[in-house]
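We call the chains A, B, C and D, going by the order they appear; numbering starts again at 1 in every chain.
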Amino acid sequence: MSGGPDRRAAWRVALGDVIYNSDTRAGRTFDLALIAAILLSVLAVMLDSVAGFRARHAPALRALEWGLTLLFTAEYLVRLVSARRATHYARSFFGAVDLLSILPAYLALVVPGAQYLLIVRVLRLLRIFRVLKLVRYLSEASVLTQALRASLAKIVVFLAVVLTLVVIIGTLMYVVEGPPNGFTSIPTSIYWAIVTLTTVGYGDIAPKTGLGKALASLAMILGYGIIAVPTGIVTVGLTQAQAGQRQVEVNGSTGRSCPRCGLAAHQADARFCRRCGEALSEELASGTA
Amino acid sequence: MSGGPDRRAAWRVALGDVIYNSDTRAGRTFDLALIAAILLSVLAVMLDSVAGFRARHAPALRALEWGLTLLFTAEYLVRLVSARRATHYARSFFGAVDLLSILPAYLALVVPGAQYLLIVRVLRLLRIFRVLKLVRYLSEASVLTQALRASLAKIVVFLAVVLTLVVIIGTLMYVVEGPPNGFTSIPTSIYWAIVTLTTVGYGDIAPKTGLGKALASLAMILGYGIIAVPTGIVTVGLTQAQAGQRQVEVNGSTGRSCPRCGLAAHQADARFCRRCGEALSEELASGTA
Amino acid sequence: MSGGPDRRAAWRVALGDVIYNSDTRAGRTFDLALIAAILLSVLAVMLDSVAGFRARHAPALRALEWGLTLLFTAEYLVRLVSARRATHYARSFFGAVDLLSILPAYLALVVPGAQYLLIVRVLRLLRIFRVLKLVRYLSEASVLTQALRASLAKIVVFLAVVLTLVVIIGTLMYVVEGPPNGFTSIPTSIYWAIVTLTTVGYGDIAPKTGLGKALASLAMILGYGIIAVPTGIVTVGLTQAQAGQRQVEVNGSTGRSCPRCGLAAHQADARFCRRCGEALSEELASGTA
Amino acid sequence: MSGGPDRRAAWRVALGDVIYNSDTRAGRTFDLALIAAILLSVLAVMLDSVAGFRARHAPALRALEWGLTLLFTAEYLVRLVSARRATHYARSFFGAVDLLSILPAYLALVVPGAQYLLIVRVLRLLRIFRVLKLVRYLSEASVLTQALRASLAKIVVFLAVVLTLVVIIGTLMYVVEGPPNGFTSIPTSIYWAIVTLTTVGYGDIAPKTGLGKALASLAMILGYGIIAVPTGIVTVGLTQAQAGQRQVEVNGSTGRSCPRCGLAAHQADARFCRRCGEALSEELASGTA
């Protein structure tokens, strides 16, 4: 939305202010009303799936769903019109979610059951962090995302090893236990291996022979140890992301080190270098003030 | 209980000493007797729920429960009377718990079954740490609480993402598996998604179709990775809380803070105060030697 | 075994050398033979419990168990006789385990079934680390033990909170679900709460009502978050124990800091102070050499 | 493949270039075709185990499996011929996997069902990281392997303790619950103990008596705490492996090591070489600025 002169007509600017800006009174009211409508809509989709409730309140539910869908369709069009750059909005994460939140309703006219996909509207609720000005939460979310992104390569390697393991363990169990004991095919056995290695353990399929139980025990102990790996990866990633963020908070952008001796990594409230006693620059000192 | 002149009558002061102070012989005896009574009461509530036991010992159990309830009611009133400030006590965590520990007994006269809520008395047992002078344990509890509080924003973001995930996964499974396979409604499917993502895995509901099993496998691997996130969050929070506490322990005694401005918590190799530039005392500098 | 003049007769010293010392050829042979006998004995106890195997091989199993028990009884007596101080051995961990490893056999003469407790012999196998000179493994074991001991207070507080939680959650579920749905009593419901909170999830008891499922979902998400706490505690404890051990390895006992500027925490191979360039003392430098 | 003069004929060198080198156009095409063939083969093995699919497409599956097996056999021979040193390749990890990937097909001529072991071909897919030049992923894999190797001694000690625990807990439950409640023998009870301690919890065997449930609760809480230990071990190992790698990355380029003795990996605030006492260059000192 930033950059370039604003060439929108006055009414589109005013509309955009209400829709995209939650600092004004009108914008705030609009956002909270929207979140209430989304909550109502998600609740309607859920209740629509409860057979007993649907039987009694089918017409009311149908009316509510269509009313909200038309409302959200109108909202989507207004967002497109009042955005500084329509394509920018349409391609953004929330732009895509907003579109996906109305399509299933129209799809349901052709494919029955598609209306349940309206549940994707729940993603729109994530806007609540921005609306309620929970900036602190958003910054924590970015620390989490950053930690996960930094650990991505390790996580991919880990998943490749786990997938290879479940394929081999699953096939071994298929050979050992076989169809009579519930391991009806290799894909089913792989499903069992995933259920076991992740320690979910439904028990819908379980080994019955002695050899199968021994093999399953090995798989469980393996899974028990393996679960430690992603935890270690995320913890290390999180420690680094957090340290990085603190560094940024401490040092701002300029004047990161002592002007006399060059020592860095000063504490957040430092005004004098802890090694040579030189006064640190104002920018640094006011970085956290 | 601190601050302000004490205007209580002598007998109320003496009573308060026995009840609130476990340093004296009388206070200690009172506290231990109280804990024994609470344990007995919790045991009585549990046994009352065992059909076979209740059938044989109903009158004895009833007498015991009412006896202890009257005792605890008297204790609550005495605590109110002998406290320096009755409202201060009534509003404290243990004041609220003490009240909640007697109300269900009277409520049970109107609503049958409410007496089981007397189990809330188990919370009163947490007093045992204070009574037994397990100060070290209380300080560890505060480190844990501090770590969790510092990680609160991250945990809220994490929970928001997890809740969004279970709603979407649950709905997808409802569409894929449907009522005949146990996924009778979206709320039930969301319950299944929580059971699966948290790796509990009861097995009361489990996918039966191939597509459902594939989707469930994805959800399990996701949950397997996701469980690493809160662990990472708590570990990082705990590391920081522990470091903070150690810092306080190190600098808490005299001669460990800046002689001019009194600032504490200097870095290990600091030779000058980071706030006022004053040279730090030798003792502090050699504090890490 | 250390300290004090050795007043044992020559034959007892020679015997003790074979039994307690695995450096000599005779001692090593004895230890390995002993471990083989223990393995055989544990295997015999296990096979004795398999109905089909016992039916066919009862006399052989009986003979083997009694033969090994008499052998271990003789060994225990010889250990007592040949130890430098019999009471020292009898009170040690392995002394107690050795005694417990023979008692159930004699107890089984009075109480049938007690022979299964002979499985406690499996503890004797832990001696294998000492026998095989896996010193490195023993030092790692001590790091683990130290980490757990340092975290003990935190773990006790954590367990107290978890136990309080399962009592309250279990009782709530008993009130909500009740006996018809498997929650037959408060103790059973507490058992369910433990099965759920630890994410084991057998599924032998599972909520059936909507409210019960909602409450169970809350408990699961709670348990999912709670499992992060002991992990964090152990990780922090382990980091510190490991750092402590490395510190000990690096600095030995004397001469830990720079003689001129007092800076500590030098790297393992440091021979000069990294701050002032002063030569570090030999003791420090040779600490890791 | 390195070292020693290359004595292969020109055609073997050219062949080796296509097979072992994925930098050339031909080599890359060969590698991608190979991976497609492996994927097809793994899929064929899986589908062969699905009864319905096999019934309809048995001849096609058979033809496909034999075709691919002959292809892989030819590839293995060509790899042997064109390798710089045939024995070097034959003994490498991928050499062994390549051989294991064809043997089961021939074994199946004698032992029916052995063809399912062809699933081991899935291991060949791990080559994809090298083929797709995902060097970053390989380096992350080496960090993970290094972390696990460094923690090996701790993990062995941990597993020894866990195995001892499950043997003892399993036997206790066998004595307490006995065959009528599903704990049919000590090995079966040990299997139950592993299922419980690893929090998998199938529910195929579950305690029915009060004492059994109490004991199981203890085991679960124990398992809940124990799972924290491998996580802590891996996290600490990973932190160190990562720190080591970063150190190498930082100091790897010129001007970051001691100008006199060349020692690298200096601490962040080092101004003098810790080995020879030489003043470190400004660049290094300001390396952290």
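Simple rule for what comes next: a contact is a pair of C-beta atoms (placed from the backbone, for glycine too) under 8 Å apart; a residue touches a chain by one contact, two chains touch by 3 or more.
Note that the structure is predicted; figures quoted are calculated from it, not measured.
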Distance-maximising chain from chain B - centres being C-alpha averages: D
Equivalent interface positions on chain A and chain B, same or different at half: different
Separation of chain A from chain C, taking each centre as the mean of its C-alpha atoms, in whole Å: 41
Whole-Å separation of chain centres (CA-atom averages), chain A against chain D: 29
Numbers and ranges of chain B residues touching at least 2 other chains: 187, 190, 199-203, 227, 231, 233, 235, 239, 269
Complex interface listing, chain A residues touching chain C: 199-203, 231, 235
Partner chain B, residues of chain C touching it in the complex: 153-154, 156-158, 160, 164, 167-168, 171, 174-175, 179, 184-187, 190, 196, 199-203, 206, 210, 213-214, 216-217, 220-221, 223-225, 227-229, 231-233, 235-236, 239, 256-257, 262-265, 275
List of chain C residues in touch with chain D within their complex: 42, 45-46, 49-51, 113, 116-117, 119-120, 122-123, 125-126, 129, 136-137, 140-141, 143-144, 147-148, 155, 159, 162, 187-188, 190-191, 194-195, 197-204, 227, 230-231, 233-235, 237-239, 242, 266-267, 269-277, 279
